[in-house]
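Contents: one structure, followed by commentary.
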């Protein structure tokens, strides 16, 4: 009896391609130590691109495998493609950063790939066990990536905090899964759904606590208040490309899991959970924005602002209609690209150091006009000004909320997004309005910025603008992928 | 036959002690051990449920939890080693470079 | 086919070419591309204007593509030209073109020449999108875009700290207004299920109860947005500070075009606004109050651009007053004439500043008319126009507003009186500006005086064209009562705006009487300005001189002047400077807008305590959250 | 039989509390190992013999040895700095955990508590197939995907341990 057939593997083709790429990179690093670091990066990118092509081929295939626990539906393909794109961007942003900071590990790219593979399993599986393992693959890869600058105390500390709190939340997740398993007798989402649809099943304390614990643990992964405390510390301690990757891809994966498990899988008793999500959404937006306002480090500000953006997405989660879910997808994509871009600017050295505080941004307009312009585009999109993806994303979310009559939630969201102007604008002001002086002894880089990074950043900015001017393509994709969920 | 609710109570108590350990202990390795205690509490409840429902899924799940726990322990302990090298302490209160 | 998209496409192309290649291709390239882009847009606007006049219902619509469509909600990228946007198109591209040409001379010596023109082109693009868009969403794109460009251009001299502050302020103030617009758009979407202007205007009367709460709230929010963009109480403070930008920018953005966007929006939705009498009243009150307040502040400013800035605020208040009393046509007419003469005045002041090597203090000018004859004459034309001297453009539009404020059922004698007083002040401070700058004795320092010269032709020709428009532009809208020409404006806008029911068609005699009164007031104010400013320095210096030389003066004259000074001028000046400007304008309103940020900071410092870097506090908060959630779902 | 369950439950709780209160981390670790043994005994009583074996071999045997090893490596004489000291936030921690525990426990006492439908493997069936054989079968059929995927996790852990903890390059 063959326990794995070829058809089982079809939905896993992108994952297999990535694993292959990971091994190639690992072996190249091992047996050809002289090989250029660029080679490793290019190999990784090639792996991502081939996987992306495979994803596109899988679109509309409706392939499933392994007893129906793995599906390649529109939802998972869209999110997986997003992880791959962010993966490519991260590699582009990493090359010069690794050189600048003496991170000479080929394993860096391997871990990036495995993190993406983990996310893909999280997104495409219908079995809580596989989702859990995917989550752990992603998390453990991220712990290591965060701590990869092992001689830097901040990096160590960020990794430690991330790991301990991550493991702590894993405990809650597992406890939740076990209680849900006890209440329903299964760990497969379709079976859980069936079991919970029986009359009275939702009054079962086991199910209620189980779902609540799962919400708590997933809330940790997507960093909603009050489970967000790790975000600023980890994001500011991690190497900047890794921060970009975490804020974009890991958060998107968290939301994909959130939608898959909680919103379409488990029938939540409407009022109770809506009120809960409502409170979480409002808290998350507000705390994120207020704290971002207080920061002097741009990286940390962006970290808090990523909390705030999770809050906007939570608004759509509260609404929960198909239109709202497709706005979750759109916003996740838009935020992933603009967030990666914004963090990406911070990877490039300026006056000989990696910029961190607002003051470090002085002089960009004169010495790095191109980066200053790109950063402004990202900031404007994060603010949500028209003609950027951020605007359309917010519009979609608030429009979906309004259609369901969530007026107050929308008003709070709008107020929050008005508040965010204060700190995003400060970045633009520092970029353009402050004259930087070259510090003594600092070397002015000859080239404006490394080619790989510039390519990635220009690409990200183009996507941001494209999503603002021609959003229809992605909107339609999102809507159709949501329809595959139900 | 052991009543399932008693197994669940035991697992809840162990879980709570684990949570408490994470928040109280100042030695980072002990904090980590408390997390292992939480995972064990989860394992216990899995076994209890599996037995009550005559199902094997819960038992299978445990193996994976153990593997994950092992993987987390390996990575976690190496991170602790690394941070000890730069900071020469295991006191969790002193790891506060990143704040506000 | 009408090809509306070409109009914004030209400036956009200009922006892209200048922004991305201007640095490499050099100055000549930029100098040709930027004005040409706007020039072509103007030509196309002219073509469209006449097409629109010929078209059925005076409206051309062009749908480019579906911007976004989800469920029942669909927004197209669609442009429309109708009476309102057609007029705005001509103003924007026409005045815009002149200012581009002028900028060639004015900005010639500046660094970042290409950047300036790229932003200027981009501004024109967004402004065109604002007026051409057929839905709230597209208008909002333009709305935010012009704000952004205004911000970029105010901060153009980014080395100057005050410029950086000013542009930050402009942005924040505008965001407060934007919040209003967004809230209104939200409510409109909920109510109408669409964001298309035409549908909203057409269905307003059936969907909304006249005078109801909903329509009042919607329109109040919209008006809040308008106060931000068009610098009305309480959000006007940013505009005077915005004068930190280059002078052509002040002329284009902060006088002629962008600041009238709020008026555009109100006029565009006239059918919605007339359903909310409360809002209309509010608009009239705010407009009148702003007109008066800003004019009284302008009386004492010594910075030439600040006088013009407060004057702009005041004139915008006038226009809002017009809209508020239901005189939409008169309001938009004043938008047009104001675009001519205020652009002219700003450009003229730019010419002065240019000649004076960026000296803006009028106390250091004087007697410039010999050195800058063209600038002097054109600015004089502009001043005569704004002061409402008969048969100059401002006379017609302003009198139309004064009359409507008096006679409209939504208006009243009080509104008229405020507008009337304001008109007098306007005349006074404008002639004061002219006298301080161009007449009297020269207070220019010797170094600057050596280099004084008239601006090059590239700057003076736009001035002359604008002067011609300022002088004759009023004949498009001659009031009925004068009756020597048909009222072009009313014919043009026939059936476009919502009608406010006319209760008493005021008598022709009354209208003539009020007209004469306002002209008389303007002339009296002129002569006052002449008396105090045409020869010596301002009143303060005059007073000081007189105190030293009391014995030389006749007792009688001294007494009158002193009384005037002590009772009227000085308290007025103190009040204007310290209470109105320093306290309300610079402190209270500023603080109010910064308040949300400061409150948030306060909350933040509390929250920061929890984020103390210790892992166990994080675990504690995590558990606290878990406890609350469990408690919530179990209870 | 059931008496032994309560006995082991009691011991495991005491030892778990030991993890919490011992000043010396090595004592805590040993106490934790004891807890694991007790749990293994309880697993046996719950007919999960193989889990019990793994618990002892892998958990107590391998993972905890790793902990002890690192503890010894990094041990400091001064254990007082790790002693349990109560302050406001730690008091709060105790209170919160207490509430959390009570919430969960009351829910478990709830009469509406229900479990999932009975599955396919009652004790007799397990004994008929053989516990280990059954687990093997399931791992290679129904759970083959997680079984394969978890190897990626192990690979990641190995790579991570190597690059994070390897000695500094001079």
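Each chain gets a letter, A, B, C and D, in the order it is written, and its residues are counted from 1.
We adopt the following convention: a contact is a pair of C-beta atoms (placed from the backbone, for glycine too) under 8 Å apart; a residue touches a chain by one contact, two chains touch by 3 or more.
Since the structure is predicted, the reported quantities are computational estimates derived from the model, not experimental observations.
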Practice task
Report which of A-D and A-C is connected by more C-beta pairs in contact.
Solution key: A-C
Practice task
Provide the C-alpha centroid distance between chain A and chain D, rounded to the nearest whole angstrom.
Solution key: 31
Completion exercise
Note: chain C sits from chain A at a C-alpha centroid distance in Å of 43
Handout entry: Intercentroid distance (Cα basis), chain D paired with chain C, Å
Key = 71
Handout entry: Length of the line joining the C-alpha centres of chain B and chain C, rounded to whole Å
Key = 65
Problem - Touching two or more other chains - residues of chain B - result: 8, 15, 18-19, 22-24, 31-32, 48-49, 52-53, 55, 57, 60, 64, 68, 71-72, 75, 79-80, 82, 95-100
Problem - Shared-contact residues (touching 2 or more other chains) in chain C - result: 608, 611, 613, 615-617, 619-620, 623-624, 626, 630, 634
Handout entry: Sites on chain D at which at least two other chains make contact
Key = 93, 97, 100, 103-104, 107-108, 113, 115-119, 143, 146, 150, 153, 156-157, 160, 164, 168
Practice task
Indicate which of the five shapes (line, ring, star, complete, other) describes how the chains touch one another.
Solution key: complete
Completion exercise
Residue set of chain D touching chain C in the complex reads 89, 92-93, 96-97, 99-100, 103-104, 106-107
Exercise for the section: Could you please specify the touching residues of chain A with respect to chain C in the complex? Expected result: 160-161, 164-165, 168-169, 172, 205, 208-209, 211-213, 215-216, 219-220, 225-227, 229-230, 232-233, 272-273, 275-276, 287, 289-291, 293-294, 323, 326, 365, 380, 385-387, 392, 395-396, 398-399, 402-403, 407, 410-411, 414-415, 418-419, 421-422, 425, 429, 432-435, 470-472, 475, 479
Practice task
Could you please specify the touching residues of chain A with respect to chain B in the complex?
Solution key: 129, 132-133, 136, 140, 143-144, 147, 150-154, 156-161, 163-164, 167-168, 170-171, 174-175, 177-179, 181-182, 185-187, 232-233, 236-237, 294-295, 300
Completion exercise
Contacts from chain C onto chain D in the complex sit at residues 616-617, 619-620, 623-624, 626-627, 630-631, 634
Exercise for the section: Write out the stretch or stretches of chain B touching chain D in their complex. Expected result: 1-2, 4-10, 12-21, 23-27, 29-30, 32-34, 36-37, 40, 43-44, 47-57, 59-60, 62-64, 66-75, 77-82, 84-85, 89-91
